[in-house]
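For reference, the structures are reproduced in the following blocks.
Here come two complexes built around chain A, the first alongside chain B, the second alongside chain C.
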Partner chain A sequence: MKKPKTYINMIQLQNINFSYHKGRTIFDDLNLSLEGGHIYGLFGKNGAGKTTLLKIIAGLRFPKHGSSTTLGQPAALRKAEMLKDLYFPQEEVYVPAISIRNYVKCYAPFYENFDNEQFEEYLHLFEITSMDDKLTALSHGQRKKVIISFALATNTKILLMDEPTNGLDIPSKGIFRKIMTMAANEERLILISTHQVRDLHCLIDAVVILDNGHILLNASADNITDKLCFKITDDTGTDEPILYCEENLRGNLLVTENIHHIETKLDIELLFNAVMLNKERINELFNAKN
Partner chain B sequence: MNFNDNKAIYLQIAEWVFEQILNGKWKEGDRILSVRELGQQLVVNPNTVLRSYDFLQNLEVIVNRRGVGYFVAPDATDKIINYRRKQFVEEEVPAFFKTMKLVRMNWEELAELYKES
Partner chain C sequence: MNTKNIFNLIRRYFIESGRKDINSFILIVLIIAFLSFFSISGRISDSMMVFLTFLMGIIYAGRIFGIFLPAGRAIHYLTIPASTMEKTIANGLLIFVYFNILLIAALLLGNTLGGLAHKLLDPNYHLHFYMPFDLDNLILILVFESVYMFGSIYFKQRTAIKTSLVIIAVFLFFIVLDTTLIGRYFIHSNPENIQIAEETLNNINGELIEYVVSILTFVFFNFMTWLRLRETEA
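On to the complex of A and B.
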């Protein structure tokens, strides 16, 4: 099944150079294309530039060189056509001193596909019961739940999320995952930046790894498990090239190249460590032009 | 649903579907949950469920009627048993034999255990 053209390259970054201060380069000739219908996980070490990348996509930071196109528009122009189909709640959510009900009244009209029923359903799942509570009277975690619910209910084509599960309590993380599977569809592009890999368990179907100013990996989960094996084993012998090994009570956690075409389950944490240790080999495996 | 660590999630979902059919929760000819519905129920990415459904369609365990939805195939039980037999013989039996040899167990002992079970 071929996807309509608008789903491809919904986000496109070409030859991006960016730095905040003279001498400290964040991105150096960075390229990235993302398509609709996926939940991408964006990973990188502290200071790798994950938040900056999201801000460039949203048109909130301006690269020195290169082009950043979002939904076919130059992101930096922040045209209404782009903004009405993009939502980007920040990690530290800003909330005005108004009730949830009034917040919706003020902000929902900017998003033509905002669905109030969905919003109330998400709030209900997060166990936020009163629409009359002032946002500023809520705890950090509660505010976050309101903003996440609002973000998903806007039904924008692009949703950028920066550490969405930070500050959520344990049951809320499970509810967050459930709500995300409700909000995902074949057209929407969701890009989640996080260090909490366990919170994205089973949710993401594509991985973007940012390192040292470049995109080190941008691959679907299927593509990754096609090329790499993730396994727990007592056997130390394997004829497959080992990319990463970690000892654990359950045995050895291994990442190997997948030469026997065995399909295993993607482990994001192991993948990240394997990628960091084998940058060149990963590049050969995933970016080789065949 | 608790996924184990070793097997691809789409295969674990397929096995879960096998169970629903074999234990009669999903009957042959019944319409089953849509990709989105099952994704929400199991809390997995809908694309992963779609991959499971493709896999199950290839095994002819489920069929897709365009615009209507997915249904349990009329002979799904036989298809599943055939597939599971093949899997048992090719993957589980060799490991089982290996353990038998390791613990020096012979056929008579095993037959005894089988009778008791």
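On to the complex of A and C.
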């Protein structure tokens, strides 16, 4: 039996420069390495280049300079070996005018590890019962559920997701989290670009923050909570350096440096705001050699 | 290159578009039958055949190469796990083999149906099977199809119309070039040149050159299609 290839970094971007024709620079000397076995959350302001980054990884956009390697292959070559281990459901999913059953007939043969039982189980969880429904007759949310189920059932090593919960109703967001947990494994890399941090905060175990053409932060949740503290207090009196403070009805939401090594729960929204306000300090904290 | 991927790509096309193809095939057969029934000779004219070939080409080329519309389709297509070469070959087989079989079948069937209807009204009418085109026509069609295939990858919207306009523009350019520059400054400037041109044309094997140019054009546009598909971003 053929041994599956293993990669230290499933995705490796080095010195990436990218701009669209109109001239605005999207990435300027961007570097990023992502490993398998994680669900990464990719965050950034509108126009930061999150979707473009996913496209570069999938070989759909070509950087002006630098190298983009996905599963050990230059992404821009879009080799079949790379594509059969990568799935990229888009925010606005495209579906052909065929039934779900025929969609599987069409596309499952391209993915060696496609598991029809898994697919049907995910569909069942999403309460999509008929395989004979025409995809184009389904609502946007239902189409998305089918494509997400298909994407997960392909069992590709890399799954790139752009705003996967947009268009899903509230119960479906919970189901989405459930099936994502079922589908994640040690060999799989899932990279989710989203603004809906509340939908995914319990799912994500590593965070990538993109700003102004650079990666501001690429760290695991453990690493983040090791260095930063997320807490709610009635006052802002603390001896730890405050990186971010936000008042709300429950009190003050604080992000501080974790100098006392207190264990707290990661809050992605607070983290994002803290990172945006303290770029240099975050860089010192997370990229320090020691 | 993996033949399984090519097979899967072609299979994908038939699952997605097979039914639509059958519907348009039936429609075109009926149009041809109708036209041949009402024609005096009992078969459609050559110019009508060219028109129908063109019409069918637009319908099927749009379906086979409508890769980039609607939005999102490009990403979907480009991330199908098959190499650019496999995708180009699969598309080539669909357009050069499948489409031409459909075209010949539609013309044969339509003419035969029209003839049979004719025979019902006029028992003395001699029913004949009409082979719509010879090898030369087929080569010409293949060349045009390769241009349309490239056009469908090059342009993102209204590919058939834009490609047709470019072809017409190129033809007009050569006509203008021929009637003005070459005619005025080369041939008519010195009457001896007319004789030289005629002798040159007589000495060369026109048919052979036509074949060579056709094959080169076909190969060139197929290569360009592959190259363009490889370079396409989404």
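Definition applied: the second predicted complex is superposed on the first by the 282 of 290 C-alpha atoms of A that agree within 3 Å, B and C clash if a C-alpha of one lies under 4 Å from a C-alpha of the other, contacts with A are read in each partner's own complex, and residues count from 1 in each chain.
Going forward, contacts are C-beta pairs under 8 Å (C-beta built on N, C-alpha and C of every residue); 3 or more make two chains touch, one makes a residue touch a chain.
Nothing here was measured: the structure is a model prediction, and the numbers come from that model.
With chain A as the common reference, chain B sits beside chain C without any clash. Put simply, the three-chain overlay gives an angle of 150° at chain A, taking C-alpha centres for chain B and chain C and rounding to the nearest 10.
In the superposition on chain A, contact of A:T181 is made with chain B only, not with chain C. Once chain A of one complex is fitted onto chain A of the other, the partner contacts of A:Y20 are absent, as it touches neither chain B nor chain C. Of the two partner chains, chain C is the only one that A:A80 touches; chain B does not reach it.
In the superposition on chain A, A:I204 contacts chain B only, with no contact to chain C. Between chain B and chain C, the shortest distance over C-alpha atoms in the superposed arrangement works out to 28 Å. Those residues of chain B lying in contact with chain A across their complex are 3-9, 11-12, 36, 39-40, 42-48, 51. Residue ranges on chain A touching chain B, taken from their complex, read 37-39, 174, 177-178, 181-182, 184-186, 202-205, 221-222, 225, 230-232, 263-265, 267.
Residue ranges of chain C in contact with chain A, taken from their complex: 2, 4-5, 8, 11-12, 15-16, 70-73, 75-76, 78-84, 86, 230, 233-234. Within the complex, the chain A residues that touch chain C are 55, 58-62, 78-80, 83-84, 86-88, 90, 92-94, 96-98, 102, 105-107, 109-111.
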